[in-house]
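Each of the next two complexes has chain A plus one more chain, namely chain B in the first and chain C in the second.
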Partner chain A sequence: MIKLFSYIIKRLFSLIPIIIGLSILIFAFLYLIPGDVARMIAGPSATDEVVNSIRMEMGLNRPLYIQYFDFITDFLTGDFGKSYQSGNLIKNEIPQVFIRTLQLAITVQIISFFVGGVLGIISAIWRKTIWDRIIMAISVSGLSLPLFWSALVIQLIFSIYLGVLPPSGYESGFDQFIILPALTLMLPNSGMLARVTRSAIIDVMNFDYVRTARAKGLNNFWVVIKHIVRNALIPMITMTGTNLSRMMGGVIMIEIIFTWPGMGKYVYDALLSKDLPALQTATMLIAILVILINLLVDLSYALIDPRIKYEE
Partner chain B sequence: MKKYSLLILVLVFTLMLSTGVVAQEYGGEFTGFSSTDPKTLDPAAISSWDQAVMCMNVLEGLVRLTPKGMSIEPGIAESWSASDDGLVWTFNLREDAYFHNGENVTAQDVKYSFERVINPETKSPSAWIFNKVVGYDAMRNGEADSVSGITVVDDYTLEIELVEPLTPFISMLAAPGASVVPESAVDEYGDQFGQNVVSAGPFKLEEWEQNLQISMTAFEDYWDGRPYLDSLNFKFIHDENTRVVELLTGNLDWAWVTPAHHNALTTNDKYKDHIGRVNTLHAAYFIINMEREPFGSNEKLRKAMSYALDTQAVIDSLQGRADPAVGFFPPGFMGQNEDAPAYKHNVERAKELMAEAGYPDGMDETYTLVSLPWENLINILSIYQQNLKEIGINIELNPVQFGQYTSVIQEGDFDLAYGYKVPDYADADGFAYPLLYSEASGNAANYSNPEVDELIEEGRQATSEEARTEIYEEITSILQEELPYITTTHNIWVDVTDPSVRNWQPSAMDIHMFHKVWMEQ
Partner chain C sequence: MNAFLNFFKKEPLAFLALIVVVLYILIAIFAPFIATHDPFEVKTSMEVEGEKVYAPYAPGARHWFGTDQLGRDLFSRIVYGIRISIFVGIVARGLSMVVGVLIGLFAGFYGGALDNIVMRITDVFISIPAILLAMIVTLILSPSLTSVIIAIVVVGWPKVARLVRGQVMSITTNDYIEATEALGANNLRIIFKHVLPNCIGIIIVSFSMGIPGAVMYEAGLSFFGLGIQPPNPSLGSIISNGRGYLMFAPWYSIIPGIALALFVLSVNVLGDTLIDYYDPTYNR
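Our next item is the complex of A and B:
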């Protein structure tokens, strides 16, 4: 346990250079976006004096390295500044949109984990049967259909033809509004997971201990559940972790189509209006979160597989 | 007697039903859309069109745009007049205009609101509205803390003195930036005023769920009578298709008709009679950088371009949702000049002009056309690209994001660009001044013609309608010769409302007003 703890500490320290590197990249990329921020904020009819005074006030006329240094110190002290667009403090705006994305992302991942997992297990047990073929065909379609297309079809079916669910919107998170975006996102996520699970299980099936278990007279189903799934969990969790961190940036298109006002929509709006403080803060937070999710995934291996020890 | 009155009532009712006359009804909740959260409705802070629709249903200025959007009508000012030399404007305010917080609107409030926008500390993008007011510069430079040209004569009389006559000034006052707000509310909310805006418009702000929707309710004491609707909501829905789906499921009462849904909606029994259309004051055009060779210096080349463009093909590709442009000014504005040269699609004539321009075999070099990156726009530009290729002008499309686009245009770093304009105020000057005046910052073509400058100045100073019409017609005929902008089309806005919505009038300026809209219950 102490070893695990020191491993975590070590990993956390090793994140520092990564985060510094990321912050430089993010800062540089955002400043490379073409267009004059001050002019955009001032609006097309504004005079040059207004534009200049905005530039001065925002400190956009200072040398780049000073601007970067300010950005990083402010970020570390939790002073994210004000959004250019709304004039509100960013630290008040982000938690709200972040939670909405989290609600969607976690719901999708939990459902996909079980749906994809079960489908993958069924496919593996009855591999090369018609069931396997059908499930794999569905999974491949699920992950190859473009998201915007499946979103439109799902909206059409459930909101217009059946008229049972609202086509878009957000109320409290876990209500009828989450169903359609979650369903759309579930398609590729569970498709991917079904395939990963299937191949992981097929790999494990050929190991000696599985043969031994079968020889003991256990039926196929119990062998899979007790001996194989546990070993197949590692690739499944890795996949789920990757999917989750991919979604934390907000699946922009889905948030826009379903009017889910989360992180993706926030970043998108900020990008369109060149709202640099909001954009920088949001991207930094997402980047840090992705790193943390990856760390959690690594740590979870030890819990699943006792053979994995985080030793020197 | 009682018996008869009942009989009459029944008769009147039957008559009303049989003739289809339905009295306007109060009540109802209208849910519209906006593509994004406006973030602020503070008149001093707003800068984009997305905000204007929501703003103008809450805000009120001395004058307001008509629902059709082509002209202005009285707002808080009951009447106004300009002195003979056009320098002093006197506004008579109505006594029954109230702010949403119950305070009576006085001339002092108007002065306060205008000075707040002019005040350099406010950093308002709308300060330009007042740049011809006496004392504007002094306040902008920090030499004065009020504007000497704005005088409160009494509670309901305001005088504004200008440094030079400016006829379109009255139209400029309909802009959101010239709305009136009470000082007490600005002080009360401070930084948060934009999210809690108080003004004197037909609706008052009720609730603002960030990134989700804005709800407004009818303002009972609106000077022009309370709106028919009880409440007006704007949901923030960015995706055009989602808006139509929301309308079809009954969650929205109004949506812009997307190209994909156009044919289905306009033939659908439920919706075909509820399609709103308006010829907007929008104009789309090629911008020629007049300071760059060869397009800027070769008039024949520009004329050849104009003849080459097959605008009808573009209009067909837009499902007929645009009109071909015949001159510089959109129809509905002054400056419609039938005698000015028009350039109907004519490839033969275009080729002749290419030869006259010195390019009998076409141009060797390929030129870049800068534009915004919208998918629909790129489809349109590909048609024009083909048209120009036919006469030997090779252009390459260079779509860039909005921010970069504005910088490129501002810095004049382009040969050809494609742009569009919706005027900031409903007057021909709203096109002429920003696009053509040598000194104007919106003059994307870097066009400079002393004669046109002079005409623009005259147009701003002339007061009679005839004189102004003549001036703008003259400008049109010069422009159609010199072609710093090759105007292609004027958009037609097409929207759809729920069948219960009545008296809907989309606005030519894209500022849709809701105070006269009502819903059948």
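Our next item is the complex of A and C:
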């Protein structure tokens, strides 16, 4: 237990250089985005004097390393500044926006876990039959369809032709508005999970203890449930975690298309309107979220699988 | 040749996928001969049997896939869009490979501090969702074909570098590398003459399996207005423009999406079956 604890501490420390690197990269990137921020804020009709005074006020005329230092200390103390676009404190906007993204992402993950898991198990048990082929064909299609296009097709079917669900928008989170974006995101996610589950189960099927269980006369169904699925859960769970971080890109696209006002929509709006404080903060937070999810996946590996050693 | 035929006899679906991929490459190369119209020719209204109709026109004998709202022939625009997709896919993925392989080779070979720094840098790049990173890069460079290619390289190189680095690390433990070192070969010679050739297998796989991803990023960026700029056709921007006409002209968005998905799907199917086939446990 102490070993595990020190392993966790060690891993947390190893995040420090990554987060520093991340902040430098994001700071540099946003500095490079063309356009004069002070002039944008002042408006097109402002005189040079006004623009200059805004520049002074915002500290944009100071050396870069001081600006960077400011950015990182502000970020660490939770002072994200004001959004140029809305004029509100970003600190107050983010939590709400973040929760909406979590609503969508977690819903998709949970449903995909079951849908993908069941499809993968069926596929593995009846390997090389027509069912296996059909399920694998569906999975690879789910992975290959461009998300922004499947989103349109789903909107076309359910909102325009059937007219049963709203094409886009947001009300309270878990209502009719979440169905279409969640369905779109599920396609690649469940597909990925079905494939991982299938190969994990096929791997486990060949182990000796499974053969023993069969030899004992247990019927196939119980062998699968008791001995195989339990062991295949490890890769399924880690895949869900990995998917969650990989899914962030998809979430961004889906939020834009379905006007779901979460982190993805927020970061995209900030990007297009060159709202640098909002963009900086949102990008940093999304990236840190991804890093933390990956860390959790690694830790769950170490927790679930005793063969993984804590020291390197 | 025999192994080749055997493979396709066992995997007819992979054969179909191969045909589709070859077809797309041919379309990309011979786009001007395949397109039935000038992809830029605008014609907002025309006479059909004495009646005046306005674009977008539905698919028919004159326009196989219909037209967009300016009356531009969608079949021809999709053909040219495929050409851009394939071009970006190959060039951008190729450049990601060059950058990633070089960095991975040196990091894996020298190890130590260099390796540590390079791996932390890849961690940083991988932590930002790829589409967001690509969007930021195209915005910095202002949207264009070149920016899209650079953005895809920025997004793509870290994973290649990690892959190659891992492979290099396992190769350098081999005796023959030590032997070459003992014979007095310098490091650069070892890296490029002995280590690199042993990585060719995974490099080719990673290159070809990365092409669909690059094609998707180009389409995605163009869909969000940050990629190929009008009037040039890109599958992504055609799909995006069609969004406003989803109700009256669904073909406008749907057909280019199928064109895109079919290519990505075929490459994935082909890759999957090849990897399965060469997996020693295939016949279990």
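In the analysis below, the second predicted complex is superposed on the first by the 291 of 312 C-alpha atoms of A that agree within 3 Å, B and C clash if a C-alpha of one lies under 4 Å from a C-alpha of the other, contacts with A are read in each partner's own complex, and residues count from 1 in each chain.
The rule is short, and it goes like this: a residue touches a chain if its C-beta (ideal position, glycine included) is under 8 Å from a C-beta of that chain, and two chains touch if they have at least 3 such contacts.
Given the structure is predicted, the values throughout are model-derived calculations rather than measurements.
For the composite obtained by overlaying on chain A, chain B and chain C cannot both be accommodated without a clash.
Once chain A of one complex is fitted onto chain A of the other, the partner contacts of A:A287 are limited to chain C, with no touch recorded for chain B. When the shared chain is aligned, chain B and chain C each come close enough to touch A:L152. Once the two complexes are laid over each other on the shared chain, residue contacts for A:N206 go to chain C alone; chain B is not touched.
Of the two partner chains, chain B is the only one touched by A:G87; chain C is not.
In the superposed model, A:I256 makes contact with both chain B and chain C. Contacts of A:P17 after superposition on the shared chain: chain C is touched, whereas chain B is not. Applying the stated contact rule after C-alpha superposition, one finds that A:S172 touches neither chain B nor chain C. Touch criterion met: A:L25 reaches chain C, while chain B stays clear of it. Judged by the touch definition given at the top, the superposed model places A:T77 against neither chain B nor chain C.
Once the complexes are superposed on chain A, the part of chain C occupying the same space as chain B corresponds, among 117-125, 153-161, 171-179 or 243-251, to 243-251. Residues 33-34, 152, 155-156, 160, 256, 268 of chain A are contacted both by chain B in one complex and by chain C in the other. Taken together, the chain C residues at the contact with chain A in this complex read 13, 120-121, 123-125, 127-132, 135-137, 139-140, 142, 212, 216, 219-220, 223-224, 236, 239-240, 242-243, 246-247, 250, 253-254, 257, 260-261, 264-265, 268-269, 272, 284. Of all residues in chain A, those touching chain B in their complex are 33-37, 39-50, 53-54, 57, 83, 85-87, 93, 96-97, 152, 155-156, 159-160, 163, 166-170, 256-259, 261, 265-266, 268-269, 272, 274. Interface residues of chain A facing chain C in the complex, by the touch rule stated above, are 17-18, 21-22, 25-26, 29-30, 32-34, 137, 140-141, 143-150, 152-153, 155-156, 160, 202, 206, 248-249, 252-253, 256, 267-268, 271, 283, 286-288, 290-291, 294.
Across the interface of their complex, chain A is touched by residues 36-37, 39-40, 45, 47-48, 120, 123-128, 131, 140, 191, 194-195, 210-212, 235-239, 241-242, 245-246, 248-249, 251, 400-407, 410, 424, 434, 441-442 of chain B.
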